[in-house]
Amino acid sequence: MKRKLLTVITEQALERQLVQCIKAAGAHGYTITEARGEGQRGVRNADFDQGANIRVEVVCEANVAQQISEELHRRYFRDFAMVLYLSDVEVLRPEKF
Amino acid sequence: MKRKLLTVITEQALERQLVQCIKAAGAHGYTITEARGEGQRGVRNADFDQGANIRVEVVCEANVAQQISEELHRRYFRDFAMVLYLSDVEVLRPEKF
Amino acid sequence: MKRKLLTVITEQALERQLVQCIKAAGAHGYTITEARGEGQRGVRNADFDQGANIRVEVVCEANVAQQISEELHRRYFRDFAMVLYLSDVEVLRPEKF
Amino acid sequence: MQLDPVILFFLLGFGAGLLKAEMRLPSAVYELLTVVLLLSIGLKGGMELAETDWVRLLPQLGGVALMGVVLGLLAFALLRLSRKLPRSDAAAIAAHYGSVSVGTYAVAVAFLDTVGVPYEAYSAAFVVVLEVPAILLGIILVRGLRPDNGWNEVMREVFLGKGVVLLLGGLLIGLIVGAEGVAPLEPLFIDAFKGFLALFLLEMGLVAASQSGTIRRHGIFLLAFALVFPLLGATVGGLTAWLLSMSLGGAVLLATLGASASYIAAPAAMRLSVPEANPGLSLTAALAITFPFNVLVGVPLYYGVLNALYPATGG
Amino acid sequence: MQLDPVILFFLLGFGAGLLKAEMRLPSAVYELLTVVLLLSIGLKGGMELAETDWVRLLPQLGGVALMGVVLGLLAFALLRLSRKLPRSDAAAIAAHYGSVSVGTYAVAVAFLDTVGVPYEAYSAAFVVVLEVPAILLGIILVRGLRPDNGWNEVMREVFLGKGVVLLLGGLLIGLIVGAEGVAPLEPLFIDAFKGFLALFLLEMGLVAASQSGTIRRHGIFLLAFALVFPLLGATVGGLTAWLLSMSLGGAVLLATLGASASYIAAPAAMRLSVPEANPGLSLTAALAITFPFNVLVGVPLYYGVLNALYPATGG
Amino acid sequence: MQLDPVILFFLLGFGAGLLKAEMRLPSAVYELLTVVLLLSIGLKGGMELAETDWVRLLPQLGGVALMGVVLGLLAFALLRLSRKLPRSDAAAIAAHYGSVSVGTYAVAVAFLDTVGVPYEAYSAAFVVVLEVPAILLGIILVRGLRPDNGWNEVMREVFLGKGVVLLLGGLLIGLIVGAEGVAPLEPLFIDAFKGFLALFLLEMGLVAASQSGTIRRHGIFLLAFALVFPLLGATVGGLTAWLLSMSLGGAVLLATLGASASYIAAPAAMRLSVPEANPGLSLTAALAITFPFNVLVGVPLYYGVLNALYPATGG
């Protein structure tokens, strides 16, 4: 079954808010890995506490992904380092997502 | 060339078995990153030894991906925290996968 | 908007060169996570300093992805553990990539 | 009642955890602390063995192993009789409570040092011997004699966990090189022991607090079991010590081991061998209820009672 | 001028960082060092409180908290008068400079130990009290009394950071168990203090060097502020110490606190509560300019000046 | 033969690794241990230099550097003469064996402390000086004078690895502040040295065991080289010590350095500068064969032989 995979890369400091936002939109889960990287807001590496990124993945229905993206965009894009992208995935147990 | 990317997110404790299963199905490699997250079986974070997840990626032919998925499904879905999904990727050196 | 997601899994030792290559090709950013895994060149785990992999993601235009792939292929495939694959992603703010 | 400062570190971590303070020791630090504590306890035991006629102790180890099995069976029987839990969950919890927690043992050691009561440091060998049998029992109670993942895998998992390996390793090294040989290692492994234990308990407090939310979910029955069974375990431990003619200090240690529940070796082994058991149940009981209980109340209680009742010369 | 060896570790890290040496302490190690230093400073302070009529000190804490607010307002006024920065950036920087850096405090403590000047170890309580007010002030200067993320969230973030929790925890534990109770923890928390501080400063040197590239980007104004404001802060700190009748050593500590800028609690809080402020500005100032300045020049300077001017008996 | 307890930790790790025990020190801990050991060895050397007319030693450094080149050339010649390996692999292995392992040096230091033989602690400077030349030689043997990644990059990689930076840093700090200045750092860096070394060797045992599976793959020739070349290297090292008029202890250290093979600096540099060389070959030889050999057999052997043959007063 088709679902969307939403990937968000952003500042560690936003983790709590991000998770709230994901749940509020109705997604049933998420996965987080520690990451570092570089983008418009410069290098963000794990060298110092503040600096690192998280990479958050959510598998969900297309409209949920849409809603999370818009919400994040509205709230955080102006002031925070953040990148997000969507792709198509196939899942075996669609009821989980 | 087209291949499938299979992503499995599951309990760290299953790593050994998962790798065996991947190899048995004929995949030529895999990549693991440490992860944490939340799903049907609750929050799983790295706070305590037992709790964390691994995120395993396998690039392989579609039928191999199918076979691994089914095998994991059969063996582990009932009792373990596990999510898996498939997507399409393009590789440069198809003979590696 | 459509973009390409290029994922490269390779030896930690190549990080500096990889980043140079990504920037030279005109990509606007990248994300790195620590990884381990197994492939043609054997098991590469984080057990010992030398051994681990990095997993690098770049969201960019198709031709940039193409160029990075070719460059990496030319320079590093013979002598280094390296896997790369491409997939399609949709981004909200195409001007960032 | 004597107040050991390391206990305050546990309370600090617990309080910070309940308040959801922005603080956590990274897992690498937790690993380091565990390794150092295990080696430290092992080395101390080994140094003592080096001055003891330790061959004489070998039969005692059998008795202590038996105690682990008895405690596991007792826990299983109680849980099954209550008719509250399926067989697999009852067996998994029994495995945790028949096995032991080295962290709790370390707290008891620190307590005895603080109150100045001597003890048999070689009891570290009893920790090793107690860790395994109840886990095997738990598996057998569900799978019979044919575990899904095969005995090879089970044995590897159970006997080659870091608890057994590092305690045993420390014991052997201490035994081989003796007190004089260990001397140059003392600044790290002996003198800094209580400092490391304090950091370890700070982290354990944080962990226990983060797990404590699950207590409510599992209901009053689990809570009651996790508070009452330690008293039973301590009694069995104290009796065993008496049968083995140990000193008062040794009896406190063995009572503490009886009262303690494994939260490292047992969860890992049961997850793979009895996966249908709910890991949340046993981990909540062992880590969020029994561990804090033993650290805060149990150890001084067992000491208080044994101090009053235990015959001065052992059994 | 006395040379403290730990300073050389900072220089080693700084040099290695500038040369882009292949070296970095993993973040888990940095965390461990921070935790140990915080607890160590707290315990030392608490032991002293245990022998002091500490209730008498409570009103002083109010005075010190006020000093934090005054420093924050002073910084904000200066930055706004210069017309170089938008309100949000000025407020964020003010929050950093009104608050304090425990790492800098630790360097001052080590310095006083080296030159053999006694000090009030309970000043650790002042560190706790100084950490928070200026951060709240910074938020209020931008958001007024209604922060976007709500006061609950802000308070949690500010009061439950590891700085406040571990310092306060250490102080309380030291106060409760006293010097005798802390004794078994000393090998790790007291004797090894300077060694841990050396490792910490090695890492801070690496970090400061990696941040130093951003100094140029932010221009001469930020550089000037980050070098001059510490002198102002030290003066205010020294005066406060005099008003509170502290010893010369205590005055050096309070001057150092006044001069220091937070690079842990303040950045985290401002990022969430005043996200439109550029975090690069304040972090560069606090970490890449003011921290090295205080460590290398400030602490000995404040001591030198106070040693010459400070009335022998306090105020 | 004297038994050093730290060796037993290596055996414990090695055994646990072979049995595939569920145990591993996290890489952050390994990093911390490496940093502490390097600084510790550097500081000890620096303190000694502070009391020595160290300018006199400068020319000796040239002699020791030459020894590194000679050992590299010797290894290369042997490997090429055997006709078993392509030029790039021979050069890479030669770079490893001409360079040195600080971990092995630390074991030799601990050994001499245990047997009570004095030594020139400033030999830490020889470790620094030996680390680099053979690596440059290895690159030149394959690339000539024009490495692919440019000399700048090569030099950065080679001279700014953590080995050189931390040893040199420790030496300089020890030299500047002298024994009295280092005193407050001693609890962590000096007293706890053997404890840290024990943990380090535990981890190295695990690593060596995990690598030992690759020995078979690379055949008997590599095994023979990795066992025989150390004897040659030790001989050259002992002779060099004699030429430099060092004491018996110093000769054991220099023999050990000659016998040891780099497993940190050399692999990193060769991977980037001579990528066509198989990194598995040299790492297996250095880490899975030569390191254990030196730790378990080599160091006591070199001591035994030198103790019998070395002229009492040096050369």
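Letters A, B, C, D, E and F name the chains as they come in the text, with residue numbers starting at 1 for each one.
What we mean here is this: a contact is a pair of C-beta atoms (placed from the backbone, for glycine too) under 8 Å apart; a residue touches a chain by one contact, two chains touch by 3 or more.
These numbers come from a predicted model, not from an experiment.
Chains touching both chain C and chain F: none. Note on connectivity: the fewest steps through touching chains from chain B to chain E is 2. Where the sister copies chain D and chain F meet, the same residue numbers recur on both sides for under half of the interface positions. A comparison of the B-C and E-F interfaces places the larger number of contacting C-beta pairs at E-F. Mean C-alpha positions place chain E and chain F at a centre distance of 41 Å. Centroids built from CA atoms put chain B at 20 Å from chain A.
Distance between chain B and chain D, defined via averaged C-alpha coordinates, is recorded as 34 Å. Residues of chain F in contact with two or more other chains: 26-29, 32, 187, 192, 268.
Under the contact definition stated at the top, the residues of chain B that touch 2 or more other chains are 33-34, 87-88. Chain pairs that touch, as defined above: A-B, A-C, A-E, B-C, B-D, C-F, D-E, D-F, E-F. Of all residues in chain F, only 26-29, 31-32, 35-36, 39, 156-157, 160-162, 165-166, 169, 172-173, 176-177, 181-182, 184-189, 192, 268 touch chain E in the complex they form.
Contact residues of chain D toward chain E in the complex are 3, 5-6, 8-9, 12, 16, 19-23, 25-29, 32, 110, 113-114, 187, 191-192, 194-196, 198-199, 202. Those residues of chain A whose C-beta lies close enough to touch chain E in the complex are 11, 13, 42, 46-50, 76, 78-80. By the touch criterion given at the top, residues 7, 9, 33-40, 53, 55, 69, 73, 77, 83-88 of chain A touch chain C in their complex. Partner chain A is touched in their complex by these residues of chain C: 3, 5, 19, 28-34, 59, 87-93, 96.
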